[in-house]
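Note that the chains take the letters A, B, C and D in the order they are written out, and that residue 1 is the start of every chain.
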Amino acid sequence: MTKKIRILIAKPGLDGHDRGAKYVARALKDAGYEVIYTGIRQTPDAIVKTAIQEDVDFIGLSLLSGAHNELFPKVVDLLKLKNADDIIIFGGGVIPESDIPGLKEKGIRAVFTPGTPIKDIIAYIESAK
Amino acid sequence: MSKDERFQKRRKNWEDTTVKKTTDRFPERKPEFATSSWIPADRIDIPESGDFDSYSEKLGFPGEYPYTRGVQPTMYRGRFWTMRQYAGFGTAEESNERYKFLLEQGQTGLSIAFDLPTQIGYDSDDPVAEGEVGKVGVAIDTMKDMEILFDGIPLDKVSTSMTINAPAAVLLAMYIAVAEKQGVSRNKLTGTIQNDILKEYMARGTYIFPPKPSLRLITNIFEYCSAEVPKGNTISISGDHIREAGSTALQ
Amino acid sequence: MQNLANQILKQDIRAIARSISLIENETDISQKEALIDTLHPHCGNAIVWGITGPPGAGKSSLLDRFIEHLRQSNKKVAVIAVDPSSPFSGGAILGDRLRMQKHATDDGVFIRSMASRGHLGGVAGATADAIKVFDAAGFDYVIIETIGVGQTEIEVMELSDIVLLVLVPGLGDEIQAMKAGVMEIGDIFIINKKDLDGADRLKSEIEYVLSLKDSMESASNHSICMTSATQNDGIGDALAQIHSYFSSLHDDGRLAQKRKERIEKELKHIATTKIMASANRFLNIDQRLNDWVEEVFQKKASPYKLLNKKIGEFLQELNWQ
Amino acid sequence: MDIDSFAGRLSFFFNAHNDLLEEVAKFRAARRIWAKVMKEKFNAQKPTSMMLRFHTQTGGSTLTAQQPDNNIVRVAIQTLAAVLGGTQSLHTNSRDEALGLPTEDSVRIALRTQQIVAHESGVTNSIDPLAGSYTIEKLTDTIEEQVWHYLNKIEDIGGMVRAIENGYVQKEIQDAAYRYQQEVESGERVVVGVNKFTINENQPSDILKVDPKLRDLQICKLSELKKQRNNENVTQKLTELRLAAQDSDKNLMPVIVTAVKEYATLGEICNILREEFGEYQESIVL
């Protein structure tokens, strides 16, 4: 048997627009991954603890409210604190291009803006796993 | 096919009753309407012949049951729709400036966007508000913020729409209190609060309470406003966010 | 391996999580077996519940409330929430924990989602061994939430000390479920969403079916609870009944009996799996299966005669005779 | 409550997407359905109860981050849809809303779009000018028919609250969203500038951003206010609110009004209600 890739799709912050997150979750399932979905309004702490319990390989963060610069890096920091920074974090949502370099610098390994075809996300996961 | 007189008769009846009642009180924008090349534009166009009963049942006339052709007898010949730009960001001060700009540009109604902590009933200093304050709308913690938000905007002159659901009761209370402070009595206030909690559960996720107490709050607002704020629409049922969550037009 | 086991005994969250992946992935079977063997002496303290019932009955929400109450008495709780894998892609969406997410930051609660990965019976192939990991790590309760498809979910009965069957009025399948024998697997019946119309009727229907069953079997103390998970109503009552049911199991020796039966099934299962694996290996060695197919197809050999001979030779080689 | 005592105060909130004719038909069908439901099902007597009045917002999810100026055209089409469909009020989205908060320039263009349709397009000269078009009337009838189908189905489930609780509604929406997205990805559904006619582009630099320090500022204002207000009165009003919440016959509005006048915060008030009412947990459908 080969190892299954497990991915946590999480929505930090307060925005309730989970259409994108759910779409990605469903598409990743169709691509053969095991996807854990947490629902909306998750604190960085809850996301990190969930990721560790579920022993995921990736965390996908989705945020549309504009709080990504504050909340995404917080998830990275908490993972480091728990010695779990081997888990790869990618992000998505309404994120201006000018914010992307800053996010990458802080440890968000890939950022997918609206309109990214799902096959690009899958290709990224396959290359990073 | 020869002309069916019944259509013209019905139309005359509509002009003489439904339309007249309205135009007596609110005349149309212009005495006559025409296209760019001066072809006269009638108030309404109807068939000359065909299935009269089916037409009456399915389409009828504007301002008359079943309202397929519109709810007002003169529609935009009377007055245009309310141009109401949804706006709000950052602090009450910044949003106040934007509202004044929009009113200057010819906007006819205000529509307030609140930030997410406000929409879900948290103060800006709550830990869950981290990163979210002022992001998708204006941050309102207390009546003080509301006073700043409407500073210099006479609340008896503009109609205000607030996109708020779960904490609608609180924000409406602040609005009423600010108006009173401006010297505007509550029965002069016009506007809408988008207060459709079902939508929150279905599509947008800014809910707080379970359905039952939520319905109680809505009913409370209803009863209070029927007595105290007679000009306001207290609920607005939303198809928008459900559509935004991806439903088709039918749903 | 000793290291991983030690960390589990020290309740290291990451070690627990990783070892469950090790069990699930079966990438290294000998490593997995060593781990379980090392943990075995430390197992047997946890109380194992199975929670099953049709989709939409509110299993996760109810579980969420149970966790809340168990935490108030400072019990450590582990949950294994099983969801189906897609038969087409092999992927899965694991969404049960969503309703329990408020416990995500509580260190006394460990929720693990598990995809069935093709395993039938309402649980995953890895569930049994995962229970042992949590048991050894000192969780007071290990709760398995099944997929919830009904009829075929008997395996949860073999894994748990107590099975909670959650039903809900108005799904229209109550009577069907009873006929299909799902009722056989429940120890405690929980009618959730008790404020809905038809809850009382459902209760009397279950009572009726149970009375028929009781007249055939002796000694049964099934109980029926009414709850509303969303309104947080009836939860304490249900828990009291579950606890007292467990005490009676413990006191009259049925618990030990159950657990021995569980071990028996486990041993049989391991033996069959291992022999099956050997058989498969035997059949495929040097592609001899292909040669045999050819022989049988060309009528040069007949199936029974051929295999009796070959297996005889194989066992002799292994010195098994 | 008597239906006529409040139905006239209800208004709807719709959105307008790019499929012009379907959108116009949707609004017309909605009015007809509402009138029928109110008259036949709820026995409303007053005409105002049967009139469906609605506010429209152009479709935020149709805006693309790619080639954002194209959004001006989309919004113009959606504006026409809303106006030809007979909306009572309209919000037009700004071209840059897929990127962030709209700038003043973008907001002005969005407003001008409405003004151009109102004053220059001529569609406001006659009422319901698309009526009688074979296509529009067919679409209106079809949409009405299918909406009735949904309404009946929801009724069978036991009403809207029940249908939401058991996830039916969310699932239907979800499935439609998934299908839509897959059509976009396969290219079957063309989104100009996204899956066809794409260019290499840099995002515009003039995106409006909220200062990250804003929260600190707001927290400062809040703590200052908490020092200045009469905290004894606030506590008393909050206690009154709690008592009122416990009594389901009480109207909460008057006590909330007195509480906000004492500068009780939104969070303080909502927390009391959270404690008394509990919090909703979503039933998620994936």
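Basically, a contact is a pair of C-beta atoms (placed from the backbone, for glycine too) under 8 Å apart; a residue touches a chain by one contact, two chains touch by 3 or more.
Being a predicted model, the structure only gives us computed values, none of them experimental.
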item	value
Chain pair whose interface holds the most contacting C-beta pairs	B-D
Maximum centroid distance from chain D, chain identifier (CA atoms)	C
Gap in Å, rounded to a whole number, between the CA centres of chain B and chain A	37
Geometric centre distance via CA averages, chain D-chain B, whole Å	10
Distance from chain D to chain C - Cα centre to Cα centre, in angstrom	45
For chain A paired with chain D, centre-to-centre distance based on mean C-alpha positions, whole Å	28
Per-residue multi-chain contacts in chain A, two or more chains	19, 25-26, 37, 39-40, 43, 66, 69-70
Of all residues in chain C, the ones touching two or more other chains	93, 95, 98, 230-231
Chain D residues counted as touching two or more neighbouring chains	61, 101, 174, 177-178, 181, 210, 278, 282, 284, 286
In the complex with chain A, residue positions of chain B that touch it	116-117, 119-120, 122, 127-132, 135-136, 200, 204-207, 244-246
Contact footprint of chain D on chain A as seen in their complex	19, 22-23, 25-27, 37, 39-40, 66, 69-70, 94, 96-98, 113-115, 117-119
Of chain A, residues touching chain C in the complex	1-4, 6, 25-26, 28-39, 42-43, 45-46, 49-50, 52-55, 82-84
Complex interface listing, chain A residues touching chain B	13-19, 40-41, 43, 65-71, 74
Of all residues in chain D, those that touch chain A in their complex	61, 64-66, 98-101, 174, 177-178, 181, 185, 191, 194-195, 202-203, 205, 207, 209-210, 212, 282, 284, 286
